[in-house]
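Chain IDs A, B, C, D, E and F follow the sequence of writing; residue 1 opens each chain.
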Amino acid sequence: DFERALKDIKPAFGQNDEQFRMYAINGIINYGPTFEKIQLSGNSFIQQVKNSSRTPLVSVLLSGKPGCGKSSLASTLAQSSDFPYVRTISPDDLVGFTESAKTSKITKIFEDSYRSPLSCIVIDDIERLIEFVPIGPRFSNSILQTLLILLKKTPPKGRKLLVLATSSVPEAVRDLGLGNCFATTLPIPSITTKDEFSKVVQELGVFGPSEVKRAAEECFNDRTPITIKQLIMAIEMARQEDSGSLIQNLKQSMVDFQLRDLY
Amino acid sequence: DFERALKDIKPAFGQNDEQFRMYAINGIINYGPTFEKIQLSGNSFIQQVKNSSRTPLVSVLLSGKPGCGKSSLASTLAQSSDFPYVRTISPDDLVGFTESAKTSKITKIFEDSYRSPLSCIVIDDIERLIEFVPIGPRFSNSILQTLLILLKKTPPKGRKLLVLATSSVPEAVRDLGLGNCFATTLPIPSITTKDEFSKVVQELGVFGPSEVKRAAEECFNDRTPITIKQLIMAIEMARQEDSGSLIQNLKQSMVDFQLRDLY
Amino acid sequence: DFERALKDIKPAFGQNDEQFRMYAINGIINYGPTFEKIQLSGNSFIQQVKNSSRTPLVSVLLSGKPGCGKSSLASTLAQSSDFPYVRTISPDDLVGFTESAKTSKITKIFEDSYRSPLSCIVIDDIERLIEFVPIGPRFSNSILQTLLILLKKTPPKGRKLLVLATSSVPEAVRDLGLGNCFATTLPIPSITTKDEFSKVVQELGVFGPSEVKRAAEECFNDRTPITIKQLIMAIEMARQEDSGSLIQNLKQSMVDFQLRDLY
Amino acid sequence: DFERALKDIKPAFGQNDEQFRMYAINGIINYGPTFEKIQLSGNSFIQQVKNSSRTPLVSVLLSGKPGCGKSSLASTLAQSSDFPYVRTISPDDLVGFTESAKTSKITKIFEDSYRSPLSCIVIDDIERLIEFVPIGPRFSNSILQTLLILLKKTPPKGRKLLVLATSSVPEAVRDLGLGNCFATTLPIPSITTKDEFSKVVQELGVFGPSEVKRAAEECFNDRTPITIKQLIMAIEMARQEDSGSLIQNLKQSMVDFQLRDLY
Amino acid sequence: DFERALKDIKPAFGQNDEQFRMYAINGIINYGPTFEKIQLSGNSFIQQVKNSSRTPLVSVLLSGKPGCGKSSLASTLAQSSDFPYVRTISPDDLVGFTESAKTSKITKIFEDSYRSPLSCIVIDDIERLIEFVPIGPRFSNSILQTLLILLKKTPPKGRKLLVLATSSVPEAVRDLGLGNCFATTLPIPSITTKDEFSKVVQELGVFGPSEVKRAAEECFNDRTPITIKQLIMAIEMARQEDSGSLIQNLKQSMVDFQLRDLY
Amino acid sequence: DFERALKDIKPAFGQNDEQFRMYAINGIINYGPTFEKIQLSGNSFIQQVKNSSRTPLVSVLLSGKPGCGKSSLASTLAQSSDFPYVRTISPDDLVGFTESAKTSKITKIFEDSYRSPLSCIVIDDIERLIEFVPIGPRFSNSILQTLLILLKKTPPKGRKLLVLATSSVPEAVRDLGLGNCFATTLPIPSITTKDEFSKVVQELGVFGPSEVKRAAEECFNDRTPITIKQLIMAIEMARQEDSGSLIQNLKQSMVDFQLRDLY
């Protein structure tokens, strides 16, 4: 019977641990209330899929600046769901695939999910997956059309699916008509307060406890947010400089990143 | 003779129950006079096709915001027609098909309909079927051209056809020249009054009878309509929150949806 | 000899009665002086091709709003010509053909016409034939180029040809450079006066003689013309309503059509 | 030797009488001084190619409104040249050819011309040959590039070539970069004076001698020129009308053409 | 060894006399100081390639109006260089080649040049080679990309290369990003002074010595320059006229050319 | 085991000395503090990749005017890194490759790098690699998408990668969405001060020690910077002139380059 068939193919469906290894290589840092609130929202979607019979499909867009931690978060959430079927569709794994190969790979992953009672699919970097470029604009319409359909298609009776997609170009998502495919959007912020800055710096263990606060005071300007990826990079760059104090060098790195953003 | 031939192939023509299962999984809610008026109009088209010999083809466009219930309504109407040939052309079933495969599938369904005395074809999400994207804009011209012809082509003598198409991008329909193919348009509204809101909330059975009115009072603002799909989603999301009252949480969900619409 | 060869293939050239059956299924209604004047012009082109040796090719564009009766008129004229070679090139018959298949089909029909002393070719819905869409704009350049040449190409010595093309997008015809290919344009009007309205309503036999005038008085506003196709549709819709008088319902249908035109 | 080889292939090079038959089926009408001046210019180019050794290639563009007589004139000039190699490249003969087939046909005709001491090539309707449409704009770049080169390529030593091209879209010719390929442009005018009008009407023999002047007086307005093709068409149309005097009818036809031009 | 190998293939590298025959069929006219200065600059580039070890690649763009003499000059310079490897890449020789055939032909010529100690490559009509049209704009990106690379690629150690490219659309060259590929631009002027005009007229030997000055006085207006190609054409045209003095006719031809330029 | 496997394929991974030969053929000139600062930054990136475990991928964009020395610097830095795997992806080596051949070549080089503990990849002229042209704009989306992914993809555990890309069209880099792929940008300046000018002139050894200062004084205007490539070219051109002093000629060359930049 189908139930048994489902069981048999389970190994093929099992979580793909390998795939998640590359995200959050330094571990996830809880940098404050904002971060916690996002995690709570994420968990709430997982609960909704588990519990509600009226919304068998919940699709959420995680959007934010490049490097703000979207992929890390989506990946962490998916893993924490403990759903029997968890998969990531990532452009990284599809380099060099033709449009139609990508399309059928994506379709396959959704169709497989329809055979599991509870599934979670991460669609990482959705604009990259559809080969989007702002100038032109150019993109793969066949991949887009496939996503436009799959992101709205109700799973078969008794099957439930959570889709977590990430994007750093929300205006492209909207212009491509993908906006309406998501039940809601979860905005992932950058580091915007001195407290958050301190928390990250402290967790990275580069500064002694006494210096952490001074670093935040001197290096961070809360009118110019920075992503967690840039902050880690800035600290590592600062550490390479031979001359000057670490705080002085970090300050310089931070200024460089802010300039780069303006330009 | 042809009459007998027609009879023989009837099973192949029979209603395709499977296809309609996925819509309106929670049952259709009659949310008030507006909804009833739409149902009446729909039934009137079915009668016209049955009775009038001067209009053997009646094609109607159901248009409205994403999630307002177009597909559910079209599907319900088609099933209620009791016509011997009822079919749905849905992008969901055509994922991964080539343009020309889609074109011949569509043509086939229309041609089959010409062999039944009374037919009803639902064309769901017509913009998706022609692979339309607003930026570019891009679409499949061969599928569009096929529809432009089939939506206007009079069935052979003695055959009658009702076409119910749905779309949430009426300006695309018009720009693509599809507007003139429909005899008329049936606009499907969102939830716009506190009464409609109450009716839906009550039917979903989440709130006790006493709370329904308060929920409408506190959570719904009639200047910002919401679709029935969003309302169901908002209620289910509100139910996941551990803290806060259900009404408080629903209020928050409603605000989120309104923000998302602005943005 | 060629004369005999011509005779032999005559059956293949004979009028294609089947093809014309689908137009004007309710019979042609003479709705007044404007309609008669158009018929006269049409006949005059037939006479010119028959009689003048200086204009062996006369190509005419019938243009007007969708549903105003262009195809019905072109078809009626072509049949009434009694020319030995009469053919219709209609997009309906070419659904699913490739561009090059369409091109050679069109070319074949023109070339066959060059073997008959007197020919009439109807090119129905010329913008559809070239797969035109206003957005983009997109169209089949190879079909367009073929038409641009064939519509101007003088038939061989002793052969004469009348081409009747129809279009409801005159600005596309002009922009595509097709305008200069026609010797003249015959504009087909909509129903614009109460008299024309009464005439159609009366011929359709829905109202008793006494009501016809009242119907025109109450339902038709001569500042908002309506096509004959819309008028027939409006009457048939009005007849489906259970409640309300027929005139009241027709009035409502007419308003609906006018709104649809504005929108 | 080469001289003898050249002689042997001469028949293949001979004038292609067939090809010229379709133009000017009613004979060429000399409608006055303007027409004569154009003919003189045309002959002067023939002389220049024959006589000058410094300009072995003379390419001329005949431009004017559709139907003004460009093809008739180019064809007449080419035939009158009595050059051993005379050929017409006409879109009419290339219907249904692929781009590359057209390109090699064109190239072949130019290359053949290089084997004759004196050659004349007519390129009729050059915008049609390159499949030009103003919207888009679209055209065959490979055919265009071939012409851009061949129209400027000096023939081999001792060979001389006159190219007569016609076009009714001079702005397209310029935008496509073809303008610089021609040594000069010969503008072909429409009928612009009552005298020219009278001359054509008289030559066509439709009016008695006494009526010709009255016809010009009453039917022609020198502020709205008409092409010779339109004039012939207007006269033939006028002759079909049963009622009204011939002059009255011609007047009406002329007004129709002027309206069509405005519209 | 390589030295001997180089020697052996030398014949294949030898100057291609045939190729240069078609330019400057009337011989090069030195029309004054401006012309001499250009020749000096040209020679200076040849010397630089021969002598300097720091600039093994010198690429120069000759730009000017169509017919000003760019190809004649480039060809003359290349021939005068006496470099062991001299080649012309001309669109004339590549009519009908596919993009990829052109690309490999071009690449082949550059690669062959890398085997000769001193080479000169003429790239004639560079915009034609890349199949450029201003409207669209359209061009062959693969040919363009090949040139963008080859025009900047330093030859292997010990090899030196002079590239002389010609173009009459400098704005296209710049927009296509080709501008930065050239070390410098050599602008080729038109005939701009009465002295230059006289010099050319005199060298062509059409006017007697006494008339030359009068011709310049009467026919040339130094506010409207003319290219040397147009001047030769104007003189040859003037000579064909039977009536009128030669000077009078030349004056008329000159006016025609100026009008054509405005239009 | 893998370690040994890695060792075995080392030769295939070894530095590709050949590839680097063509840059900086005259040796690298240290033209002052600005240049030194850039070199320091470059070395700091090498150290960061070697030392930091938190940033296993550091990708840097070297941007500046054409000829300012980007490729020379990137090449010098890569060679100085002494990393076991060093490769250059240069458009020069990919002339005539198809898009998909380029894509797999690029992917191959990145994948090979993932097998070495420390790697450095130079992507020279990144806009050329993706076949970018500003008009259109046109580019290879498949190559772009490949780079967008590879430039952000974290190497496998324990592998570290430095990417040095060069570009002279920073606005294209940004518009194509490549900007966010780089951790930072290293702007390479032109020669902007008289001191830098003197330094280069002196190192080239063309002027005697006494003249160097005068040359800078007379030939260089610090409001109009010049790239080092142009400066070398200007000096070599000046040396070819027979007449005039070397300084006078250099002054003229410099003016020419400045004009060219304006135009």
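Methods note: a residue touches a chain if its C-beta (ideal position, glycine included) is under 8 Å from a C-beta of that chain, and two chains touch if they have at least 3 such contacts.
Note that this is a predicted model, so its numbers are computed, not measured.
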In the touch network of chains, how many steps separate chain B from chain D on the shortest route? 2
Give me the chains shared as neighbours by chain B and chain F. A
Using the average of all C-alpha atoms in each chain as its centre, how far is it in Å between chain A and chain C? 58
Let me have the rounded angstrom distance from the C-alpha centre of chain E over to the C-alpha centre of chain F, please. 33
Got the chain C residues that touch at least 2 other chains? none
Ring order from chain D, via chain E next? D, E, F, A, B, C
Residue ranges of chain F in contact with chain E within the complex: 21-22, 25-26, 66-67, 91-92, 95-96, 128, 131, 133-136, 138, 168-169, 204, 232-233, 235-237, 239-241, 256-257, 260, 263
Could you list, by residue number, the parts of chain E that touch chain F in their complex? 44-45, 47-48, 51-52, 54-56, 58, 100, 103-104, 107, 137, 141-142, 144-146, 148-150, 153-154, 156-157, 175-177, 180, 183-185
